[in-house]
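Here's the structure, in structure tokens; my notes come after.
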Amino acid sequence: MSVKSSDAQEAWEPKILAFCCNWCSYAGADLAGLNRTQQPPNVRIIRVPCSGRVDPQFIMRAFQDGVDGVLVAGCHPGDCHYSTGNFFARRRFLLFQRIFDYIGIDPGRLQNRWISGAEGDKFAATVSKVTEDIRALGPNRKLRDEHE
Amino acid sequence: MKYAYYPGCSLDSTGIEYQLSTKAVAGTLGVELWEIPEWNCCGASAAHNTDRLLSLALPARNLALAEKEGLDVAVPCAACYSRMKATEKAVRGSEDVREKISEIIEMEYGASNRTLALLDVFTNQAGLEQVASLATKPLQGLKTACYYGCLMVKPPRLAEFDDPEDPQTMDRLMDALGAEAVSWPYKTECCGAGFASSRTDIVLQMSYEVLRLAKTAGAEAVVTACPLCMLNLDMRQKEIEAKNGVAIDLPILYFTELMALAFGHKPAAIGFNKHFVDTTPVVRKVEQGRRAKEVQP
Amino acid sequence: MKRVGVFVCHCGSNIAAVVDCERVAKEAAKFPGVAFSIDNKYMCSDPGQDLIKKAVEEHHLDRIVVASCTPRMHEPVFRRATENAGINPYLFAMTNIREHVSWIHTDREKATEKAIDLVRMAVAKVLHTVPLEKSSIPITKRALVIGGGIAGMQAALDIADNGNPVVLVEREPTIGGKMPMLDKTFPSLDCSACICTPKMASTDQHPNITIYTHSEVERVDGYIGNFQVTIRQKAKYVDHKICTGCGLCETKCPNKKIPNSFEAGMGNRTAIYKAFPQAVPNKPIIDAANCRKLTKDKCGVCAKVCPTGAIKYDDQDELITIDVGAIVMATGYDLFPWKEAYGEYGYGKYPDVITGLQFERLVNASGPTSGHILRPSDGKEPKTIVFIKCVGSRDDVKGKAYCSRTCCMYTAKHAHQAVDKIEDSHVIVFYMDVRTAGKGYEEFYQRTVEDGVHYVRGRVSKIYQLGDKLIVRGEDTLLGEAVQVNADLVVLATAMVPSAGSGEIAHIVGFSTDKDGFYQEAHPKLRPLETFTAGVFLAGACQGPKDIPDTAAQGSGAAAKASAVLSNRSMETDPLISQVNDAVCAGCGVCVGICPYRAIELKEITQRAGGKTIARRVASINSGLCQGCGACVAACRSGALDLKGFTNQQIMAEVDALCL
Amino acid sequence: MQGIAKQDLNKVLETLSGGGAALLVPMEIDGVTRFARWEQGAKTALGAGNTLLPPKEALFPQNEKVFNYEMSNEEAKIVPSAAAAEETIILGIRPCDVRAIQALDNVFLTKDYVDELYKTRRRHTLLIALGCTQPAPTCFCSSVGGDPLQAEGADIMLWDLGETYGLEALSDKGKDLLKKIDKFMSKSRGKKPAAGKFSLEVDSRGIAEKLHNMFEDPIWDRWYQKCLGCGICTFICPTCHCFDMQEKHTGQWDGYRYRCWDSCMFQEYSLMAGGHNPRPTKKERLRNRFLHKLCFFQERYGMLLCTGCGRCVRECPVGMDITKFIKEVSEVSLNE
Amino acid sequence: MSDPSGEMRELAKKLLENGEVDRIIGWEKGNLWYQSPPLFITRAEETDRLVFDDFAINSLVTYLLDERDSGKKTGIFVKGCDSRGLVRILQDKQIARESVYVIGLPCSGKKDPRQALSSGASESSQVPPAAKCEECLYPNPVIYDVIIGEAVEAKAKGDRFAAVKEIEAKTADEKYAYWTSQYSKCLRCLACRNVCPACNCRECAFDISKPRILAKENNLSHNMVYHLTRAFHAAGRCVECGECERVCPMGIPIMQLNKKIIKEINDLFGPYEAGVKLDETPPPLGTYQTSDPEEFM
């Protein structure tokens, strides 16, 4: 529920959480594995059935807990296994990202991508890019539930 | 009813009869036409091929002057109408264009007023019932081919006026005036005005088709709402006849002239004598028809 | 106290080469709730699975976590292993340390740390799992086919041949659809009626098929396996049980000038009529709007001449209710109403500008001209015929943006027929592109060109009548010049649009249509025959413009889909679906609109509140329809909805576990 | 009377906070008047009347750690949390809020229960009260047994005499402290001022006894309806002291237990583990709050749990007015 | 504005007398001159207490939720802003349209009791208009069974999103510092939630303990999550009545976040005004367009 604010600055590695839909993005991650496409080891995936399942609440919780960035990945529009889930997700996160920005949290910390089950390379590239972006932003303190 | 009135360049020159008859009709209908002071050229036929902003800014200045007065604009010429509608739409559709145009003309213009074709003003806005009731000298038995030309109805997304393929406004007007509107297929074909000076051969051919089909349909006169059409069909008729070796002898009249005639204005006062093709057969035919009707009861 | 067992797989060296599996297992032993933790060479092997069983017995485990490969592959295997070990298969979580760790990283230390994180997250998740049970829903072994054209007949026959009863509902008085109207079919030029009418007869005679013609589906309730359908049998005024179909009434009916829709307006019929001689059922009905007896209480001739007394002027509509397990939609197409849009072609005021379907009737030996191509205005044989393609198709200003697929071929066929039947004919086809994707299609088109048909690439801008000629003006874009043809007959290849009323019936059955009104398939590539509504399938042109072979293929395909549903007595449903907490649900209904499967409805519940019993409405999940996407859950503000297997609590526990 | 010149106030504050004590004075921070730690240069809001937030958080913070824990799969270890023992001076507290602290003392320090966390803080706290000469329109301390000019229980009493603050030590601790600021003191010419007029007045005598028999009275049906069920009144009340106990995990196995303010107006406050709620609607919750303030507390501790500070009257967004309630109760005739 | 109290009382009396409603919710005069708190009455003789003066600022519509299961019919007075809240509650199906008799009151702006007190005023005319009324777009009720008084024109105001834009212009750290100063104050009294017509769930997610989405500990992190969640749950539902900000005792600018969301929804998903049209449902996050913006790549 909360984080010890004792990350040693020099040893800091970005901690990134990814929500991947089972049918496209998680499969894309699997394909990247199958192809042995190397990626930075900073991303941890939570598998969800559909990007439409992802509640902004989870994202806020992750930032409270101390992640440095979150990636939400789903099927390309029109390809959703459940036909429409990613359209709702798109609306939700388009809006949510702008709220984040308004509050002062860099929008780069919450990224969204469409990655299909065939796009192993794109998955790996996304992980690299997101890790790079967040490394550049540095450790996140905003929204963190810190205590002594 | 009060409208800002944009005569455009032809109404003082080649289209003087359009001007005369328009004012006569407006007077009878009780439509007040406030001529936009120091109006400028709408840029038709040249500007939109040269520079888009210029082609929008030219009409915009006239429209902005009317907007200041809170007036909709009545436009007699179909080409002017088309350019003004284009401007109105562009300004309404884009904040960016609005800002640029306002800057160029050094006046705020928000397109809050409407551009209306004079034909629209004198029919739909004034009401055909009123027109019919004022037609004290109905054009009994006159067969007319209503020629809308291209720019008044096309492209439909711009013109937003009547059906682009088979418009009826003028046809219904003729009906209200007691004349007959023949059914013919070339109502909205082009007369070739775009090539008026550069390729007269094309103009002659296209205008010939218009006249030929009007004649074939049995028309005794062609009615138009465009000074450019008038120019090609009236002024060039002799040339067309010569080139094709035929006699056409088809008077070309503005719809306002026929309205004024039916309202009882003297033909000479409304420009009937300003045409190249003799218009007296029309006047005669109308009088004959009226007399025949009076005899019959 | 929950007792979790953690099993870390080496996958030979696939995982172990990069991840220190032993360390992962050792760390896992320290996680809250973990009672046992071990690593193993191959967890998916039989000894690996036995290991789970043994550990459960020895350590009294009640939850299992396996860290191995992707759950997309082996989750079912380990669920079964969990079940075999005596634990509910849903008290199980799996995490992927192969595709997502060992195969994509080389740094052993970092990879091992990541694997430990992932296992911790899985353990946190599994602690919040509850036992789940699969449920099953019964299947009614009967199918409904809506629409009796070629697609509907094909689907009905195939389902019936599979041994299941089928109810076929057709709006018109006869089945057959549009195909019997056609003369020849491309590219083989065999007689359309000759191959279609036998199909109609087999449909009629199949012991498993019940046909309701002149009927419409009025209401559909329920869900896959359990639809309740209400059919309105419209009054026929002829008792088909008694009627022998002798046709005497038709010859005597005095009202003979009613345009026959079967002739596409090119011929007439009587008020008591069969659409065409081979109609199925081959018995007449009375067109009430045009019958003098029914409208003015005069005449009554048909009743007088009927030898069997089958005429029933007091016939009423009848409602029939049936239960079915699956539904096939085959509502077909109509032609684009070109007369409303194409002013340049005269808005329909020139009688000799006709559609392709009208041309079919003109060339058809059983049509109004007995197969002679005669123009409607004066009955003369046209010599110069112009065909215009893409009228309403590929025209997003006046018509539809899409290609109607069949027009290139039927225009080629028509052009060929015109050349074939009319001596000294001059046939011109105006086209935008020629699209002939289909077996034997291109060859057919080339033959038509060789026949002497003149193909002009360009649009026709205007048609007008001058004397007895139609002046057709267009452009030849290849030559870059204006073209004018003085034609005797113009045939328009008008676009295919969804049949009238197809949107309403989609709404009644409960699935969506696309932007053009065609029925929306569940997936454009992989599920072209399914809708988002489980148990409802698509066949033929209702899904998009199609020619006959594609339509027949889809009919069979939809039948196979429907038969698969009907092949079982009951259907198991996945327990990983949404659930509602009635006490929390406020019944706002946002979820109802979000569900792509119409699996949520608001139902009334009663509850005790403040010492009173109150009735209120809450969301209710249909386990037969819910597919477990969870979109409704994320949209539910109060958290009344949750997704079993991916609950809010589970996901938040995973999030927390990542950072703690 | 002794006094200090107003122009010396900053120096006095500096001296008081000099010994390492936390000096809390009314200040306006981000638009909210509250007691906050004074530091050199800070602007006080001594003249702004009653602060929006009462000083109770100095003794009873909104969140307070109770103990830390460390666990494993085998055992659990508790590490009690030591309350801060920082010397604290609350300066500028009004008589109503001093009475409120007396009420809190009753709760946390008497009747066989002593709350160690509270006790520690209280023992290290010194109160310098400021008498009220001009009651706010929402003040009604005099109606519930208070005196706007005199704060029994404070260590030192201040009065605004225009150019100076008059002061008087009420306790030994107060006397000791005054010695520290001796050099700023002079003989003030003014004398203890008179209190201005109250615009809210109500006779609360016998209210507890009357309410004792009004649990089922229809008055509650009239009063609860407009209540929003929010916690404004409880959180800004100087006497409200309900709290909840929660745990916070700081790691997989460790964390701490804390207590935090709770509000009896919240639905969850009285919700029991099995799902039953003995106070299911706003009616029961509002009744409980008013009875606690005006009846139960009086019966248990001999004082009302309302000191007339007027904060709830001022801040309640639906105009719930406890003086109006008291008046209505007094008008009820109980015929039995 | 003429005092509608007489008409209100008469109507309320009639409704109660002939049993058309079971109760009436309106406003009455409080103990202090600047208070006009909500009033609930069930008897015709109490209707004389009804007032509609400068301080009748409270929205009454959320009170309907308390009786959503009772089957009682309520007569309720609504101002323009309140009526939008009522539409929202109806759209969320929390009460049936038939269970309310809506009496509309056009409103030219109210005053805030807290401002009356803090401004040191001694009568209404000295109190400035309430902040929330300054940006009113809908002074006239959008739903009602009967309306009392003449329609009022919406105050022509500047940019509705001016405050939002001011914040948008800050850097990320400035923004965060600004919100930190605001959210640090939050007591979590939940008044903003309880008064909100868009917060009409039976059980709020914040009140559910399993899973607890928000710890009860009061700190910046949790306070931020509280405010972000509340605003997000109200996204597309917020009717801009401003009650949340008015009731906040700590002066947190709650509407600045709500307005940001309204601005973004309009920007991203097209023009949308919550609670204006009763048949317009679902809210923007409950639907989608395939053509929605694509900022994910």
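Read from first to last, the chains carry the letters A, B, C, D and E; within each, the first residue is number 1.
Basically, contacts are C-beta pairs under 8 Å (C-beta built on N, C-alpha and C of every residue); 3 or more make two chains touch, one makes a residue touch a chain.
Because the structure is predicted, anything quoted here is derived from the model rather than measured.
**Q** Any chance you could name the chains that touch chain B and chain D both?
**A** C
**Q** Where the centre means the average of the CA atoms, what chain is farthest from chain B?
**A** Here the answer is chain D, farthest from chain B.
**Q** For which chain is the distance between its Cα centroid and the global protein Cα centroid smallest?
**A** When every chain is reduced to its C-alpha mean, the one closest to the whole-protein mean is E.
**Q** Determine, using the mean of C-alpha atoms as each chain's centre, which chain is farthest from chain C.
**A** Farthest by centroid: D.
**Q** If I rank A-E and A-C by number of C-beta contact pairs, which comes first?
**A** Looking at contacts between chains, A-C has the larger number.
**Q** Distance from the CA centroid of chain A to that of chain C, rounded to the nearest Å?
**A** 36
**Q** Quick check: how many Å separate the C-alpha centres of chain B and chain E?
**A** About 56 Å, centre to centre.
**Q** Any idea how many Å lie between the Cα centroids of chain C and chain D?
**A** 69
**Q** Could you work out how far the Cα centre of chain C sits from that of chain E, in whole Å?
**A** 45
**Q** At least two partner chains per residue is the criterion; list those residues in chain A.
**A** Chain A, residues with two or more chain partners: 1-2, 57, 61, 78, 84, 88, 92.
**Q** Send over the residues of chain D in touch with two or more other chains.
**A** Correct list: 248-251, 281.
**Q** What are the residue numbers in chain B that touch two or more other chains?
**A** Within chain B, no residue touches at least two other chains.
**Q** Which chain C residues qualify as touching chain A in the complex?
**A** Spelled out, the residues of chain C in touch with chain A are 70-72, 96, 98-101, 103-107, 110-111, 113-114, 117-118, 121, 522-524, 532, 576, 594, 596, 627-631, 633-635, 643, 646, 648, 651-652, 654-656, 658-660.
**Q** Residue numbers of chain B touching chain C in their complex, please.
**A** 163-166, 185-186, 189, 213, 216
**Q** For the complex, give me every residue of chain C touching chain B.
**A** So the residues of chain C touching chain B come out as 342-344, 346-347, 462, 464-466, 471.
**Q** Any idea which chain D residues touch chain E in the complex?
**A** 30-32, 52, 62-63, 136-138, 199-200, 222, 225-226, 228-232, 234-236, 244, 246, 248, 258, 260-263, 266-268, 281-282, 313-315, 317-321, 323-324
**Q** For the complex, give me every residue of chain E touching chain C.
**A** These residues of chain E touch chain C: 68-69, 92-94, 200-205, 208, 210-211, 213, 233, 281-283, 285-287.
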